[in-house]
Amino acid sequence: MRKVTIGIIGAGRIGRLHANNIINFSDVRLKTISDLSNEHVTDWAKGIGIEQVVTNNEEIINDEEIDAIFVCSPSDTHANIILAAARKGKHIFCEKPISFSIKETKEVLDVVESAGVQLQVGFNRRFDRNFLRIRESIKKGVIGTPQIIKITTRDPKPPPLEYVKQSGGLFYDMSIHDFDMARFLINSEVVQVYSIGTNLIEPYIEEEGDVDTAIISIKFANGAIGVIDNSRKAVYGSDQRVEVFGEKGCLTCENERLTTVEFINNKGAYQDKLKHFFERYKDAFIAEARSFIDSVQTGDPVVCNGNDGLQAGLIASAAQQSHLEGCLIKINQFKE
Amino acid sequence: MRKVTIGIIGAGRIGRLHANNIINFSDVRLKTISDLSNEHVTDWAKGIGIEQVVTNNEEIINDEEIDAIFVCSPSDTHANIILAAARKGKHIFCEKPISFSIKETKEVLDVVESAGVQLQVGFNRRFDRNFLRIRESIKKGVIGTPQIIKITTRDPKPPPLEYVKQSGGLFYDMSIHDFDMARFLINSEVVQVYSIGTNLIEPYIEEEGDVDTAIISIKFANGAIGVIDNSRKAVYGSDQRVEVFGEKGCLTCENERLTTVEFINNKGAYQDKLKHFFERYKDAFIAEARSFIDSVQTGDPVVCNGNDGLQAGLIASAAQQSHLEGCLIKINQFKE
Amino acid sequence: MRKVTIGIIGAGRIGRLHANNIINFSDVRLKTISDLSNEHVTDWAKGIGIEQVVTNNEEIINDEEIDAIFVCSPSDTHANIILAAARKGKHIFCEKPISFSIKETKEVLDVVESAGVQLQVGFNRRFDRNFLRIRESIKKGVIGTPQIIKITTRDPKPPPLEYVKQSGGLFYDMSIHDFDMARFLINSEVVQVYSIGTNLIEPYIEEEGDVDTAIISIKFANGAIGVIDNSRKAVYGSDQRVEVFGEKGCLTCENERLTTVEFINNKGAYQDKLKHFFERYKDAFIAEARSFIDSVQTGDPVVCNGNDGLQAGLIASAAQQSHLEGCLIKINQFKE
Amino acid sequence: MRKVTIGIIGAGRIGRLHANNIINFSDVRLKTISDLSNEHVTDWAKGIGIEQVVTNNEEIINDEEIDAIFVCSPSDTHANIILAAARKGKHIFCEKPISFSIKETKEVLDVVESAGVQLQVGFNRRFDRNFLRIRESIKKGVIGTPQIIKITTRDPKPPPLEYVKQSGGLFYDMSIHDFDMARFLINSEVVQVYSIGTNLIEPYIEEEGDVDTAIISIKFANGAIGVIDNSRKAVYGSDQRVEVFGEKGCLTCENERLTTVEFINNKGAYQDKLKHFFERYKDAFIAEARSFIDSVQTGDPVVCNGNDGLQAGLIASAAQQSHLEGCLIKINQFKE
């Protein structure tokens, strides 16, 4: 099978993570990574075997050898990079979100469709072994018709002010993964959203007009209902759980712990901490990239496409509006 | 210590349960139980040592020897029985709700207060070892300020049509326990409610204008937020869980299982079923009755008083209205 | 059904425990309890409704109204009491052991058999819900042929010197329950024993010639093998676990905890302490007494009979000898 | 840091596993792998980037560029390869055992010592995150003085006849890992062994004079005691557990499961299968190789050295003899 030649735009935490994973794929040539200031990047990139580091995204987008691009730059640059890359016929893996604007997202998807290229959105949790097992079990019918879904996502610590400013807000930055997971597991579109957002953690988040804690109730086209709860600060680590309840039973998945060791003494029993986010999703990130490369090679549909990005974005916008207006938002009547 | 003489109104499932428990208290004389048709009741009552069975509640209410009355009759008779008993100076243990009407509840509480008698409402879960441990831990400060509470209550099977007709609806019959638990654990009043009710289980419930599945978002005066999810039919049994998340950690409690046995074979690992409702709460029901008798003996405040019954009823009414109107209800602006 | 009239010999911890349980059986009349110094006993006995307290065991053994006797006196008095009671035609429930001497045990069993009375030995763990479920599962064949059994019994704290002196030693006092459990679960006789006993806890135990820590390997007639480990001091409580491994899978049972609550913070996860011995086996003690009364009423065989007591005693003696001689003991060649 | 140049002797399952791991180390040059028939090996080796495949071990041993050799050939070839490699000044990583003969093992260790090269024995479980955590916790003193250790190792299915013939028997092939783990965790030498071996699984194992199921009791120089149980066939997968009990508490570690998903329905609760051996120890194998390379680079002592291999081998031989003679074997009086 022909090698796929890859360029990565952005050498921040997530860009490096993808680079470190795909460099080990025997059918991938990781040619270029771009970074605005390539100082420290160069050593690392050379060390793992990336051929070149550039400071200009165009060098990647215009490189005729490059088949596919990983978009790992700040969120507000995603749309323009996708547009440029699609017009050059590159396949695209893009971290979420495609855009903070539903309108712009739709425009981007139109261009991607016309260009006939693959676009995969970085909802890495779809590749997590636990959530995948839940999805498979639902598909096999073990719980019959799903009736209630509950998703918890809580981050270990709030992002710094700079990140908050450009994050798009909790619903667009954090809950969006849960909206995607909800659609992925229930296999039906969300039709209404009601959210309570509040500020219980850091004043600077409130000062930016964002919330740090939220509960979001959702209803699906197929009648199922659900709830998501989010917090920017869980001192015990990255809390990522799902529960799906149906007519024939209930599926849950607990967080993964660093070890299975238990210590018991005269005060009680102690178990280990949770795995850190990147440890928990280590295999999921590899599987996500692998799946994208496979789709590039075979032309098969990607596991999370542009429409998945659009739908999750729509719910995020609706949740934000519900929070601001204090009322239920119906997705099909929703206007930005 | 003087023996407390007790009468029980109603010899249905819950009346018998209380009788079987308090008959073993060495400081209680269980004198009388009333039942409309006392046929089968007489044998059982005699067998366990109840002195007499009557078909008329007045024989209990007017009995000068009786110090305290357990009200275990249908929900719509509670208010009138409490009124009559309080006026005769009896201490009262009453199953929830006091009344389906907030206005009537308040009138009943006024009469109870004037009469100077004890009134305990039957929120038995306050005496469950797991929920109590969570409350104690919160009070000790182990999670710091509580931020999110999640409560799940799902019943093993939907009630029969006759019960649905007189139950007051899912919010008043089932969620009301969760509203009380939320107040009990967060130690703050609920200030707003948003509920989604739906029908996913039995058509006859919908035909009665009731729902069988619900998600209820709540906000507390102290800023905490919460969510309750309810179902009338969990095939795996009585699902009763609580999670409280705060600035310093998270407390959860799992359901109790019949045994701790695990079997593992080539397909996976198997654990036992959940305890049935009455097995799970066996000790809680005993502790609840014991606590009431103690308050009667000592004059100390009861653990769940009339106001606790009123507040949970208020939230239930607000949740019902939120479901019907599809909008957020603020408790302090709420009018029945 | 006719009431069974009961006398209890010994009002120590275990005698009172049985009294408190059987006093609630509606088909039992608990007439008499004996105690050498009946001072404090009288108040308690009266309080729960025992008719009389005596200081002389003969008053119970010779009482023609009494159908059955619970032998709860010190271990070294068991044999003589059983002999006397059997000769008077009383049914007997006796705490373990029947005797520290195999020869005497056999003589006692002969007299019991001639007298045609029921004799149940107090191996209460046979009535524990967890161990029972394992036994049922084995009988159903879920693990196929059992191959390895592992039993852990560790006590929260070592017994006082006085108890050690008259206990018969760790193997006869503590491991004996495990020998019975091994026979009960594997359903085959133990044919050889190898034990390592050691002193790691309290010097006064060693000074008495007893051990405080032991590992005992056993082999069964049906080919299965097993291991028991014992300690007199587990700071975390009463540790009582069983594992049975077979050709088709493995059955384990964990200890029971006080609650199902879990607390997680930045250091890890915490669960509750173990249930205390008497809390863990509360239902088992009731079921044990209930089962004995049933056998007295119906004439059906008891769940653990005199031979069960004899076999467990034989293994205990063999384990003691193996420890002393440092070699394997074959049960069928074993001479005291 | 200078790159370490590596040769691997043997391209079977374990040789390939090490190759796949160390090829990703940026400070390693994996130059050569040897295999008797290099047909399929060549494609795989080329695919992952090994420079050459040879059919003759001497080409590796005599290659002056090669700094260190991984010995992954059949067990009975280990001793001679180590001798030859040590004499050529190569550092050596060798899968267990060094030799089936204690005498030969000692001779090998003498030569290694004279040669001044590193020798690490492949007790990969020392690098498992769970066992490591238990060791760290013991070292920190959380359980005080260790008193009892229990180790379970059961394999998913018995090895084929060919493997049994050259395995050295269950004690030398399988229990040897547990003997090493026991020494590693208790940090004291084993002074006596008593083993029961039996045949409950496959007739061909018995026909070879080997056992398939065993329980081995051990005693340590520091007074602690322990037990190991082994089976060649656990249908539920690779069962690898450890428990260490001490004066202040108990440490246990459960097996790892494929996912954390739990499904509950009207029959009970279901959890996932165990991880396969190579999945369970994936990270441990990487850490083991990493640790060896580090020792080669720095000259620091290896984590499991030749003496660790010798001691585990001694216990294995003693366990085999105890099984054959039916008696306790004291290690310091033990003669092959």
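When the chains are written out, they are named A, B, C and D in that same order, and each has its own residue count from 1.
In this section, a residue touches a chain if its C-beta (ideal position, glycine included) is under 8 Å from a C-beta of that chain, and two chains touch if they have at least 3 such contacts.
Only a predicted model underlies this, so the values are computations on that prediction, with no experimental measurement involved.
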Chain located farthest away, centre of chain B as origin (C-alpha): D
Which listed pair, C-D, A-B or A-C, duplicates the contacts of B-D in over half of its pairs: A-C
Inter-chain centre distance, chain B versus chain C - centres from mean C-alpha coordinates, in Å: 40
Length of the line joining the C-alpha centres of chain A and chain C, rounded to whole Å: 58
Chain D: positions in contact with at least two other chains: 235-236, 248-250, 264-266, 272
Touching residues on chain A, where the partner in the complex is chain B: 145, 147-148, 150, 154, 194, 196, 198, 200-201, 213-215, 217, 219, 223-227, 229, 231, 233-236, 239, 245, 247-250, 326-328
Contact set on chain A toward chain D in their complex: 24, 26, 47-48, 129-130, 133-134, 137, 142-143, 248-256, 258-266, 272
Residue ranges of chain A touching chain C (in the complex, touch as defined): 235-237, 257, 264-274
